[in-house]
Amino acid sequence: MDYTIWTIAPIVLLPFFAFVINAFIVKKFTKLAVAISCAAILGSFGFATRIFSDFVFGKYAEDYHIHKVFNWFDLSYGSQIFKLDMGIYIDNMSAVMLFMVTGVASLIHIFSTYYMAEDKRFGRFFVYMSLFTSAMLGLVLSDNLLSVFIFWELMGFCSYSLIGFYYEKEGAGNASMKAFMTTRVGDVFFLLGILAIWSVVGNVTFVDIYRAISDGSFNSLYALGIPLATFAGFSIFMGTIGKSAQFPLQVWLPDAMFGPTPCSALIHAATMVAAGVYLSLRMYPLMEIGHLTTMIAYIGGITAFGAATIALVQTDIKAVLAYSTISQLGYMVLGVGVGSYNAAFMHLITHAVFKACLFLSAGSVIHSLHDHHTHEHVQEMPRMGGLRHKMPFTFWAMMFCTLAIAGVPFFSGFVSKDRILGDALLMALANKTYIVPMVLGFGGALLTAFYMFRMMFLTFFGEPRDKDLYDHTKKEKFSLNRNFPLLLLSVFTLGVFFSGSLTGQGFIKVASEKRYEWFKVLITKPKVEKFASYERQPWGHTDIKSNFQLSEAKYDYNYGLSAKEAHHIHHWHLIGALISIFIAFSGIFIAYMMYIKKAWNPGWWVSMFTRWYRALQNRYYFDDFYIGGLIKKGLLPFNNLLAFIDMGLYDRYAIDGWEKVNRAFYTVSGWFDNIFVDTIAVDGTGASVRLFNVVLRMIQSGKIQLYFMIIVFTLVGFIWTL
Amino acid sequence: MITLSSYLMISLALFLSGLVVMIARKNIIAILLGIELILNSAALNFAAYTRFVNQNIEGHIVSLFIIVIAAAEAAVGLGIVIRFFQMRESIHIDDAAQLQS
Amino acid sequence: MHGSSHLLNWILWMPFIGVLGNLLIPGSKKNAIRYWSLINTAITFILTLVLYKNFDTSVAGMQEAYNFSIPWIKQFNIFYTVGVDGISLPMIILTGLLFFLCILSSWTVEKSVKGYFSLFLFLQASVFGVFLSLDFFLFYVFWEVMLIPMFFLIGIWGGENKEYAAVKFFLYTFFGSILMLVGMVALYYAKGKGVDAFNILALSGGQFTDLKLSMFGSEFSFDKLFFVFMFIGFAIKVPVFPFHTWLPHAHVQAPTAVSVILAGVLLKMGTYGFLRIAYPIFPSASVYFADAIAWLGLVNVIYGAFCAMAQTDVKKLVAYSSVSHMGFVMLGLAAMTTQGMNGAVLQMFNHGTSTAMMFLLIGILYERSHHRYIVRPDGSKGFGGLYTQLPKFSIVFIIAMFASMGLPGLSGFISEALIFLGIYERYTTITVLALIGLLLGAAYLLWMFKRMFFGDVIEECKSYTDMNAREIAYMLPLCVAVIVFGIYPAPILNMMKASVGSLVKLLGTY
Amino acid sequence: MFDNILFLLSASLTVVGAFSVVLTKNLMHSCVYLLAALFGMAGLYATLGADFLAATQLVVYVGGVVILMLFAVMLTGGDQDKENKFGITKVPAMGNTKTFIAGGISALVIALVILRLVANIAKQNPQGDLPNYMSTVVEIGTKLVTDHVLAFEISSVLLLGALVGAAVIARPARGDDQ
């Protein structure tokens, strides 16, 4: 079967229709709605698997794309052309991404049927999940930034709804709003980037952007005095910062844990937050020509390390995972920054797998621990301990994932993270500015290993610290919807699925290059010059499967460089790997000494670094600064002031003031009318008659002598005129 | 030298006296006295002009009529005064400022 | 008289028939009046749909088939001319739809039912008149006539400070109208008082570009001067920034349905005026003043959003959000590109639907709560936990809210995106700043939503009942419109693109 | 000579009498001064050769009118109210400074006007023939019954009317207690 639209679109449409249908039936047929959601995502998974297998296991070509477009709307009139096309774009990266997203989402859907079953809004959860999945898949399939933005925002909405899922809680409202608003800050920049690119390219299709980059269209163009590539690249990267919770917009992600745990697993760990990194990777050529990679590396490094430090002091199991997510996303961004393109993407995939698993395991733990006094689930690690006896499956699944995230060899996390760190090391050697991100990256790795094992030790090892809680916890029995997703995901934390070599850098080669180094072969930096002559297919076009065999890509161990140059790279990669391994085990060892052997007292560290400890507990005061400072002290007073100026001053005086002016006018004109026109001119006529009358009446007094005098004077006057 | 002017001056003095009496006095009878003076000044003029200017007797006749009229006037005026006094017990001219009693 | 169809006449005069019918029904038969009004508006709405069905989207100018013109006041060459093109059609459909739904939402009005519905239908007729008139004088007459029912609807059925609001609304608009009247008369003389001196189509095309006017001893450019006059006249209606303060008062005091019409339709009359009169008649001045329009639009966007965030009255908040959103329309108009102008017209339509939803929802809430405080003056919560108490209401509210803030997939996004695409190249700085408005737009709405809907149900809200069938019935069409046009806006864009395109082409020549 | 003496005496008597009428504060006195002035007038008539006129003056004025006046004064004598019916203080019956100022100004003005007229006459200074002191009675009688018969008759009717009128007016109203 070849690729027509009907074999691709269902990936998005199945969950979307599930959402539409469920939105109407969820109230009455909750079970059916859940079934529809799960079936839809599994269907998507099926279609995605087909694409994945064709791209990965087929005789692939590294630059083969499926690109179908349809016209969304067309505003052309005469010579003015404006068309907005939407389309599907599948290349190797999206194929892998599709597979990961649908796979993880399917497993999380399955797990949710266990986790959410007792929730009163069981059905509604699946409605949101379906919408989210379709949005995420839509994003992956998008061929242009605008549709990426659309699905990106839709995911934001789903995230908002799911964080605010327990809307009875006041905190959920705050958290959901915070999440939406913080990412919205990034999104606005993202939209700005889209506009900037549109102004150059006249389009925002990836293909056209690449072509424009290769044409040099971005050169010597400026927006607001900044080179346009930098401007646009930075704006788009701001979208990544928001969505992937990078410094300084990382504040929302820990709060996002207010949502149900499976949604945290899917949205705030595996997929949505990774979409930011996915976007950065897609726009990597733009970042490169915009000279943004250094900044990206710094942001990644700072995030990776900073979030890891905060994770050290968390006691809530989900909070630890949330900060570890931020930290791992930081590694991905660091990978983008140091030009470790496919390692960053690989870390995205591996992280999605193990972090989803970690969250689901945490969910499994939390769900089991039910406080009989408060009737709430327990998330605090100080009340756990020794749980590996009660829930062995969960324990082993979580253990695998922890090993992966800690960077233990033979696990996926090691493969991807080590490659990022190795590339960072190489970059630092070549360019001193990269030393800081590199050191932060290695430091973060140490902390990661430590806090993850701290979490494991506190949760599963040692003696139960809350005996009552422990005794009431049922022993875990294997159930398909609870344990199967965990175990399947944990299996995929093994490194062999991602790389044929131990580290992915050619440290220890396990098997022939091409078959097992599929990731390195498939995922390469977009070669923009190839897109110069690229033509897209119409919507109805059928992509013939046999075309996939056009030109076989080869795994080039030496990166296309000379053996000597490559040797240098391999050499330093090896050193980096050794450092990583050392670091990982050191972290684990410290955790072991602190929490199992209890040889070292963590309290001592706390007392030594009280101020730092407080800063960490307060998340470096970011929330205080943003909410307490910027918003409460800056924005809201400003708003109130402006509103006061608007209604209290402007409207009251400048607008209603006209009434006063008018009143003054009408007072004066009324006065004028009254005095001059009416009194003087009109009444004056009467008054003059009256005056005459008064005078005459005075004359007509009946006093004869007066008459006589008048006669005399009249006579005098008369004589005088003679 | 007795000329026309001399008589005219006397006449003027009489007239002015009558005038002042008429204006300044508030007593009706006094006003009547003023009227008499003025009438006399007029009569004197007629007589003087007869003597100095046209020499015929017409002036005397007019003067004579003036005297007659003055007598009639005095009779009627004083009658009115008496009557007024009977009504108002006053011969003050300001009390006689109304057309109606 | 040319054109054979009387469809436009029917649309225009149908509400008047409704008014007459209402006047014949005794005032005590309230339900009869309501049903009659409902039927009347339904027929009108159907007629507008018929118009849409027969509309030829490829024609840029007026639709020949529906033009209708007869002399009205022959001595002054005033004609009764009505016509429809791609710019007015979306507005006409919007008017038909919103009035129909507003009649439904006004079912609970008990105070002087007969007067209310009669005035309401009267208002509808005058609004149709504005959108359909092609004779400037006729346009002006309808523009002014519209004030009368509005004045009484606000002044009689309004809130506690209704007289103030009504008078303010009236005077404000009237001030603008007077400037417009001056412009109209000036055009009449400039055109030589001929047969087409009041004909908007005959006046348009930029024929007054080089005309000079001497006044007060100096020379003025005719088109710039009267463009400013017209601008102020229309800007008050939009409302553009310095002339916006009537809006919060009028909205807050007006009864629900009138707020809906005010925000949904009446504000669009202002921007419609730009598209129909100010731009085509004075294209060179429009281009000349585009910068000013853009900056004013920006101020609207930002300022409205900031002010909205400070409000504690829901209705006032939404009123200020209207100021902000109409700022986007102004931005689109200032862009004078295909995308921008189409986006502006689309935004007019979309804002009409989404803000109508908001106001209708607030009206529904008000019927239960009898207050609109998010935070009461004493600092306590006015609402709380509505999500738990009113689930259906909340879902509709979420749709309306996100449509209003421009969530992709809902209608507001496409228009805003088009506007931004249109304006970016010409006004980069303004675009950057206007995007802040987008951010703030989300902020104030979400903050309001958080404060009203999340958390525990406060004691007072526990008695509220969820939306009933009638309320769902009139919210549903708007929900559908918001979602459908969010996903697939082509039906509306196709309607307008030829007309807007020809206007852009005209402006492009200056 | 006699003429001159007579003129001077008569003129003095007339002018002094007239001024005394003006200046005296007593009504009775003023009547008497009027009498003196009228006597002087008679003397002046005499110097003008108007013998009949002088005689008539004496008979009518001095013997009639002034006596009539004196009777009237005596009839209306007695206490006069100092206030009118509105309670406003009345001007004294014989006038006060204000009234005399008003009268004086009037007199001054008219004096100036008349002097302006008289000045012209004085310049011409007509000098007719001196009277021959013949009796004018015949001539006047002739004239009265010839040329001026109508005026004569009218004046007699006037006198009659005045007489009857004075009697009627002065008579108390019918039924009047006074």
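Just so it is clear, A, B, C and D label the chains in written order, and each chain counts residues from 1 on its own.
Quick note on the criterion: a contact is a pair of C-beta atoms (placed from the backbone, for glycine too) under 8 Å apart; a residue touches a chain by one contact, two chains touch by 3 or more.
The structure displayed is predicted, hence computed values, not measured ones.
Asks: Just tell me the minimum hop count from chain C to chain D, counting one hop per pair of touching chains.
Replies: The fewest touching-chain steps linking chain C to chain D number 2.
Asks: Looking at A-B and B-D, which pair shares more C-beta contacts?
Replies: Counting C-beta pairs in contact, B-D comes out ahead.
Asks: Can you work out the whole-Å distance between the CA centroids of chain A and chain B?
Replies: So the centroids are 126 Å from each other.
Asks: Could you work out how far the Cα centre of chain B sits from that of chain D, in whole Å?
Replies: 5
Asks: Which whole number of Å gives the spacing of the CA centres of chain A and chain C?
Replies: So the centroids are 35 Å from each other.
Asks: Quick one: chain A and chain D, Cα centre-to-centre, how many Å?
Replies: 130
Asks: Please list all residues of chain B that touch 2 or more other chains.
Replies: 19, 22-23, 26, 94
Asks: In chain D, what residues contact two or more other chains?
Replies: 99, 102, 106, 110
Asks: Could you run through all the chain pairs that touch each other?
Replies: A-B, A-C, A-D, B-D
Asks: Would you mind writing out the residues of chain B in touch with chain A in their complex?
Replies: Counting only chain B, the residues touching chain A are 19, 22-23, 26, 31, 93-94, 96-99.
Asks: Please name which positions on chain A make contact with chain B in the complex.
Replies: Going by the criterion above, the answer is residues 701-705, 708-709, 712.
Asks: Touching residues of chain D toward chain B in the complex: what are they?
Replies: Answer in residue numbers: 3-4, 7, 11, 14-15, 18-19, 21-22, 27, 30-31, 34, 37-38, 41, 44-45, 47-50, 52-53, 56-57, 60-61, 64-65, 68-69, 71-73, 75-76, 80-81, 84, 90-95, 99-100, 102-104, 106-107, 110-111, 114-115, 118, 121-122, 125-129, 131, 136, 139-140, 143-144, 147-148, 151, 155, 158-159, 161-163, 165-172, 176, 178.
Asks: If we count contacts the way the header does, which residues on chain B are in touch with chain D in the complex?
Replies: Of all residues in chain B, those touching chain D are 2-10, 12-27, 29-30, 32-34, 36-37, 40, 43-44, 47-48, 50-55, 57-58, 60-61, 63-65, 67-76, 78-83, 85-86, 89-92, 94-95.
Asks: Under the definition above, what is the set of chain A residues touching chain C in their complex?
Replies: 72-82, 146, 149-154, 157, 160-161, 164, 167-170, 172-174, 176-177, 180-181, 184-185, 188-189, 191-192, 195-196, 198-199, 223-224, 635-636, 638-640, 642-644, 646-647, 650-651, 655-656
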